[in-house]
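Across the two complexes that follow, subunit A remains constant while its partner is subunit B and subsequently subunit C.
So, the complex of A and B:
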């Protein structure tokens, strides 16, 4: 039951139904895209305001991924990995808006497993492509690295990663949403507040965990040892 | 039947959280020990700890998802 969107679509684009979490994703994209556009529209050598904030975020991401990946790989793969972090963080925090439970299109997109499966599949293909870019056809060697008998295990390991990435993010955010909604039903005022505050922390940590895992997969694919 | 479903849903979280909780406790304790011994590697240890906790937590979250599925069948 939880693996199907239990609510009805809010609009149809031709034959394609559009659900709340899809609209929320558009909202996240607009927020990130518009602030990034405004920040870089009129760039100054000495940054101020929005440009300063975005430059700080980008610099923080480059420093963080530079610590996990080697220098060349960090430069190449930071844009997509940082996008995962910013997208998931903004998505998780969308549920903190007042009235988000009653307004359509204000559910966290990450509380629906379709969004997370999509993100995890992007990670899967990113990892494979980064391996091929770094090592060429030698990348395939790591599937049979100690002995060809390990080939099924290596393939299963690659395929289980998107599954566990999906279920981890989905379980955490969906579970948090459910617990808050149970508590709101039982005691609508003040009592759910500590749990909502905990949601701020959960959202940040889950975005960080997803990104760190994706980074370590890319690091394993691009690193030495093939 | 519904009673069995409810007991199963409770057990799925309880047993899952038991193992995961013990594992996370050990991992966190060892992390603090190593940081106290060598404060300069705190950043590296923290990153590794987050990855480890995420892996352990995933197993508990599987239990939670199963519980949600079972509870959904009751109603």
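So, the complex of A and C:
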């Protein structure tokens, strides 16, 4: 929870500071990496248990992104888009674990806009790269379409996208964390529970919104419109 | 300018304003308990590194094995369907062959029965004909024997009758008959006796 975190580094790796959000990201990586490894280490033709669940998640991602992107683009860009979704979803849920209010550093990485800005920048570069991969140098044409006078607006549009992604995710998760933290401080017993439950929904919705928008940007860049 | 783009422009300007306001607020009120400082290049760098490591891990252990498994499953299902179709065709072919064999066997069995019936009929006729021929031969042989016995009996009877007649005549005449008498009497007697016997 946000009050258990600090914006100062909690340790240094040489000259590089490590923050509680970074540690939380490592936790997210371990959770997702270990889950993926355990689910796929001994794959069976008839899936069971964890393999079944993991396959369902991956298949859901491929189906979902395949519905927005064309088949070729979906195959190419689904892995990174699915990683966005899983990373943000797990990050959002980190703060909901029991005891996260008292464990130092147990804070959703997405409650820090540095994390979200980085993710949004990765989306920005992914969109530009996907556009170039799909259309080559013709991709640049859409910046001056239908008239070169629109170039500044097109550039602003491209730049505002990561900004909107950052602020939307940060605002929702940080706001939720703040409210829950205040409630925990004021009335720690039962009162914050509805908002914590709401956090489950918020976390999922924000992960979905971020990923859907990123997918639509990639779809616009790789589509036939350019 | 398209309406969608206009809307996005307005939203973008609004968001930009929000960023400025929030940034101002952060710079004014930013503290350990407030909004996290921005930009923190170490945090951004850490996030990028962590995200791409996670992406690599998930790509290797999360997505690729599942895709391979699904591809393998698709191949297996396709080959199973193809195999099942081949088996179905094979079974259909075998069923047709079995049906043909059954028909042929039935026909062959009917032929065998017909042939056997014909052979049995011929054998029966042959046996009957042979039996009839044998019976005829036996009958003819018996008749011939009867005839021979009859002839023999008649001859013996004639001889005996002649002797008896001679003896009787001698008794009646009280003398011996000449050869000429004998001859005449015998002949007459034999003739009469033969007529009587026959």
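For this structure, a couple of remarks:
One rule holds for everything that comes next: the second predicted complex is superposed on the first by the 220 of 226 C-alpha atoms of A that agree within 3 Å, B and C clash if a C-alpha of one lies under 4 Å from a C-alpha of the other, contacts with A are read in each partner's own complex, and residues count from 1 in each chain.
One rule holds in what follows: a residue touches a chain if its C-beta (ideal position, glycine included) is under 8 Å from a C-beta of that chain, and two chains touch if they have at least 3 such contacts.
Since we're looking at a predicted model, the values are computed, not measured.
If you count the residues of subunit A touched by subunit B and by subunit C, you find the higher number for C. Judged by the touch definition given at the top, the superposed model places A:45 against subunit C, while subunit B stays out of reach.
When both complexes are overlaid on chain A, the residue A:68 reaches subunit B alone and has no touch with subunit C. In the overlay built on the shared chain, the residue A:167 is in contact with subunit B and with subunit C. With the contact threshold set out at the top, residues 164, 167, 174 of subunit A are in contact with subunit B in one structure and with subunit C in the other. Within the complex formed with subunit A, the subunit B residues making contact are 43, 47, 50-51, 54, 57-58, 61-62, 64-65, 68-69, 72-73.
Subunit A meets subunit C in the complex at residues 3, 6-9, 16-19, 21-22, 25-26, 28-29, 32-33, 36-37, 39-41, 43, 45, 47, 54-55, 58-59, 78-80, 82-83, 86-87, 109, 111-115, 117-119, 121-122, 150, 153, 156-157, 160, 163-164, 167, 174. Against subunit A, in their complex, subunit C makes its touches with residues 1, 5, 8-9, 11-12, 15-16, 18-19, 22, 32-33, 35-40, 42-48, 50-51, 53-55, 57-59, 61-63, 65-67, 69-70, 72-73, 76.
Contacts from subunit A toward subunit B in the complex involve residues 1-2, 67-68, 164, 167-168, 170-172, 174-175, 178, 205, 208-209, 212-213, 216.
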